[in-house]
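Written below as structure tokens is the structure these notes are about.
Chain IDs A, B, C and D follow the sequence of writing; residue 1 opens each chain.
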Amino acid sequence: MLVVMKHGASRAEIDRVVAVIEEMGYSARPMPGAQRTAVGLVGNDGRVSSSQLQALSGVAQVIHVTQPYKQVSREWRPENTVVTIAPGVSFGGDAAPVVAGPCSVESEQQIVAAAVAVRDAGASALRGGAFKPRSSPYSFQGMGKAGLELLALAKRETGLAIVTEAMDDEGAHLVAEVADCIQIGARNMQNYSLLKTVGRIGKPVLLKRGMAATIHDLLLSAEYILAEGNGQVILCERGVRSFDTATRNMLDLSAIPTVHDLSHLPIVADPSHGTGHRDKVGPMARAALAAGADGLLIEVHPEPDRALSDGVQSLYPEQFAALMEELRGVATAVGREIPQHAGTTHI
Amino acid sequence: MLVVMKHGASRAEIDRVVAVIEEMGYSARPMPGAQRTAVGLVGNDGRVSSSQLQALSGVAQVIHVTQPYKQVSREWRPENTVVTIAPGVSFGGDAAPVVAGPCSVESEQQIVAAAVAVRDAGASALRGGAFKPRSSPYSFQGMGKAGLELLALAKRETGLAIVTEAMDDEGAHLVAEVADCIQIGARNMQNYSLLKTVGRIGKPVLLKRGMAATIHDLLLSAEYILAEGNGQVILCERGVRSFDTATRNMLDLSAIPTVHDLSHLPIVADPSHGTGHRDKVGPMARAALAAGADGLLIEVHPEPDRALSDGVQSLYPEQFAALMEELRGVATAVGREIPQHAGTTHI
Amino acid sequence: MLVVMKHGASRAEIDRVVAVIEEMGYSARPMPGAQRTAVGLVGNDGRVSSSQLQALSGVAQVIHVTQPYKQVSREWRPENTVVTIAPGVSFGGDAAPVVAGPCSVESEQQIVAAAVAVRDAGASALRGGAFKPRSSPYSFQGMGKAGLELLALAKRETGLAIVTEAMDDEGAHLVAEVADCIQIGARNMQNYSLLKTVGRIGKPVLLKRGMAATIHDLLLSAEYILAEGNGQVILCERGVRSFDTATRNMLDLSAIPTVHDLSHLPIVADPSHGTGHRDKVGPMARAALAAGADGLLIEVHPEPDRALSDGVQSLYPEQFAALMEELRGVATAVGREIPQHAGTTHI
Amino acid sequence: MLVVMKHGASRAEIDRVVAVIEEMGYSARPMPGAQRTAVGLVGNDGRVSSSQLQALSGVAQVIHVTQPYKQVSREWRPENTVVTIAPGVSFGGDAAPVVAGPCSVESEQQIVAAAVAVRDAGASALRGGAFKPRSSPYSFQGMGKAGLELLALAKRETGLAIVTEAMDDEGAHLVAEVADCIQIGARNMQNYSLLKTVGRIGKPVLLKRGMAATIHDLLLSAEYILAEGNGQVILCERGVRSFDTATRNMLDLSAIPTVHDLSHLPIVADPSHGTGHRDKVGPMARAALAAGADGLLIEVHPEPDRALSDGVQSLYPEQFAALMEELRGVATAVGREIPQHAGTTHI
């Protein structure tokens, strides 16, 4: 940590900064410059609060040299973490599994049709929301527990692993009974009570980046889960808010190499929410894979025209099957592979 | 709602849109244009989901003419809502009360000293967090229930109303026992489970705008609370995320006239979180009041240099007292007043 | 400047950084830490390019402690610069002059009517574009030289100073013949050829902040003008691009105290472009003044319904007169005053 | 265009909107709804200014159904435009050429070494700035005319086409003598005088997206060039400004399918400026190609450690050669090819 003093800070102000750093149990190293003095804090273990230092008289700025996260960092653990949510469905290794399915579970017929379609095209896991966070209280909020039961049924029918969202503590425990991986949505990325709960439950967690979250914020939220003893975290880039309304969100694919640089955790991409338009899902899914994504989340609905939510960004089953073909080609070109589900009918 | 067809959409595609609108129970009004056809949906009661329409073949875009929120809108209720959190502490009328105090409750001595100082300077309510959402799991997370007890003590000592944050369902019930107004923080603005809980509790709620929330998002989140039967909602602008790191957030004061135009709910501003720097709190507090804010939230700490959180943006008690003087002048200039707390020693 | 090494950087990599800094003519001060080493560059005169250092092996990050601008900084010149564009029209002192008028010069009748109206209400200068940067090539592009002649006529009729925009080198010389202050628009804030030209012309310049410009970018663009020997620069906050479409731009009033902190140059605000809606101009004009703005730019049109550009954000003359009354009250409350134009009929 | 009236707009206000539309020469089609009336404007040829309508009493909002650009749109021209800047170097067809080279021309030795290296690795054109827009007036501003002469020399030595930036009218004419394609940088995307100049010069133009430009803004800027009769425009995504400082800009790859949907013009990507870090250039170059980019711009320097600008984002020649191998694989996987330069030594 570097405490930059104002131009013209007095000797007494600099001495006070040094004293406070030493009171905190660290070493202080003043560094007089041509225009101003900076004081280095040495021995930072990542837990120093800059608040007290920033508040001191004569201080212009406090610069963090050490990142405030620990266990999620690649410096803490150099090799990739591989998160296995079900037999043969691992994120962070050579394979890049595809999680596909509808936005919401709507009926037995719909979810089973979706599950069969995505399995046959080569998906490894089924997504589908039973609890849905919706901007409006008047929109469809999901089927709740009944939806979870239908996901369990679809799993039995197809053998696909299940990834589904939890919105609160009570829901997290219900979801954990059925799902192979608990999804935390973008709106709850900084719902710390919920992060602690899923940290304690101990099942794999798919943590989506918030709409205005920096990569550092995302890693700090993951740190909440790891700090509870659960290291099975998959990060997910799903688009951030931007000034351009041409797409629903701005899918920030540079998050993929950035996370790979800073952290050992796997990161997947969700081009469906990232673009909001069916026609852009294919190009951005291919791009995410080429950028190094450790997997993909793709919305597929047996009848997008009749979907209760997100129909406009859901692929038709035949579009998804064609996209999977393309993705296998891109994966090969970048030294990855799309794993084949044991039960898939794809040749 | 207006469904804009693609240039070159076929007659059959237009007919299908008309048919779907009629199946949904509304009237369809096709409007052929020079370059493309648009189909108006008439009879929209604010609950139409555009998802099915956007997903239809030949549709370029669905434009919302009617807002998806209802009870929070000024069209629903033309006159201002006045939210009274304690006797003499009302938001939305001529008075613009000031809520002040430290970021976190840290000790009995600290919170009582802060309460006395802000009351004496003319604040109407005390703020101070017992449950603190922090980006890092290693930062101070608040004193919890013990903090709530100290807030209750400070209230008894000073007569100030209490505004404090709840982060989850369990915490909301605890906070409701002590607080006059439950604060929902920016990170939880779209934690819909929590919004429903505070809607059902029925106490006044101060709802902070999320870091990437549009005004429409903020109003939709408030709608969740009103939809549970609780109309006592105060909105709060506290800065949004921007590309400029010169301030901690970008305080969007245009939110004030925008909310006043669209909604009957009161809106206050938090220039402390909105700027993140003590020196900018004064100018932005004056500006917020001049823009029409219905109140202010200001961080004040008896000893900012020793604060466990947000010291750098907390005012010294004497700075706060001087600012209150300035604010009274600005309030008068714009036809408002800063209410005097019954127990204040200010002349 | 601080060069932060990667965790695990080798001794040789650190030595290379030291050697390169010394080759550049500065002193290097290595600072080994608990997790990584940082190397301070001492003697930075604000002209060090970080590019060579960032590119060295083992370097994680280069942190700028010294700002890259010089002459615009308050450290260079502690006292406020007062820019006088015409007798009695000064920005940066106690007075906060108002520049008002239509978006575009449209006709003799229109510009004279506007000039008389704004002068009578107390404006000190007339704004109005002869050269208009428009997003679409098919929108009205301004009257060009004929518009400049009409501005000169309006000046003779009313005695108001003239502020009008230049879009290129040739236009800058034409504008300089008529205007008291040359405006550089937001889209040209980083048109460095144009900045150098107006720097050399030597007339006062009103430099608008670009739509995605940080305060540092704005100050660096001003530095281009000062570096040519022209210190008569007025900065202007006019809103930045944001994710919220509720207003045309997001007027960042915290730019005002931030600029006052970092620079000696005056800063004014343009609430008309900053909001894009007539109804929000008044609240935000009052707010800007309360935040400490050194002046205001306000669009006023004699007949907004018939304006060729920006009618929706232009005030009616009577609205402007009423707003000026309010502004005088706010100015008094914050220790400023709205100067009276010599020829004004306002009491 | 759709004029949405306020809830409670009077019959007279609606009639006035209808009358103004008819005065403008279009047809008006009122559409009364459950909550408010909308009035459709029929016959819009893309040149209607909404300003007069927005300014009318009782109008809540004006919604653009027709885009304001014409000649750049895919509706104007359904088939792709192929822009050929030199024999065998075409953008918009099956091939995706790579333009590579240093940020700035620094010396004969440097630019020739760079040109030979990128040609040998398979690039089709050489980039390198002679005129450099730099945020600070104290940074290296380019070699100017001498730099252009060195680019001409490098072209003679290697046969590569030249792409280089012009910053003003005078420079555009100088650049046009040497370059095969004139680059307009992000900071000048809305410098309309310069856009008109390069429109009239008639050489191919590479137009970079501004840092806060929407896709619509980018297309409107291209429209300025086409409106002067020059249809040879290549668009370039190079990252936009965002709240996350983890990368220099946020490379918005969804711009690629969005432009392909809305326009017939080719679009390339610049992952060097888009990320600002050498290590992220490879992943994002692969991703851009997979997303459908019609070409790439990549910074390569023979000695990045000694570069006068942008060294940190420049690839070493051997990194670039390895990346070109990867790109050929990705291109094949998505049905494109990286063209081989006639003089390349690559097998």
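As a working rule, a residue touches a chain if its C-beta (ideal position, glycine included) is under 8 Å from a C-beta of that chain, and two chains touch if they have at least 3 such contacts.
Please read all numbers here as calculations on a predicted model, not as lab measurements.
**Student:** Could you compare the number of C-beta pairs in contact for A-D with that for A-C and name the larger?
**Tutor:** Spelling it out, more C-beta pairs touch across A-D than across the other pair.
**Student:** Return the chain whose centre of C-alpha atoms lies at maximal distance from the corresponding centre of chain B.
**Tutor:** Ranked by distance of C-alpha centres from chain B, the top chain is D.
**Student:** Hey, how far is the Cα centre of chain A from the one of chain C, in Å?
**Tutor:** Whole-Å distance between the two chain centres: 39.
**Student:** From the C-alpha centre of chain A to that of chain B, how far is it in Å?
**Tutor:** Once rounded, the distance between the two centres reads 27 Å.
**Student:** Between chain A and chain D, what is the gap in Å from one C-alpha centre to the other?
**Tutor:** Once rounded, the distance between the two centres reads 31 Å.
**Student:** Would you please write down the residue numbers of chain B that are in contact with two or more other chains?
**Tutor:** 46, 212, 240-243, 245
**Student:** Would you tell me which residues of chain C are touching chain A in their complex?
**Tutor:** 2, 4, 7-8, 29, 31-36, 38, 40, 42-46, 61, 63, 65-66, 75, 241-243, 245
**Student:** Quick check: in the complex, which residue numbers of chain A touch chain D?
**Tutor:** Touching chain D from chain A are residues 212, 214-216, 240, 242-247, 250-258, 261, 274-275, 279-280, 283-284, 286-292, 326, 329-330, 332-334.
**Student:** Tell me, which parts of chain A touch chain B in their complex?
**Tutor:** Residue list for chain A touching chain B: 20, 46-47, 49, 51-52, 54-56, 68-70, 133-140, 167-169, 171, 187-188, 190-194, 210-212, 217, 220-221, 223-224, 227, 240-241, 278, 304-312, 314.
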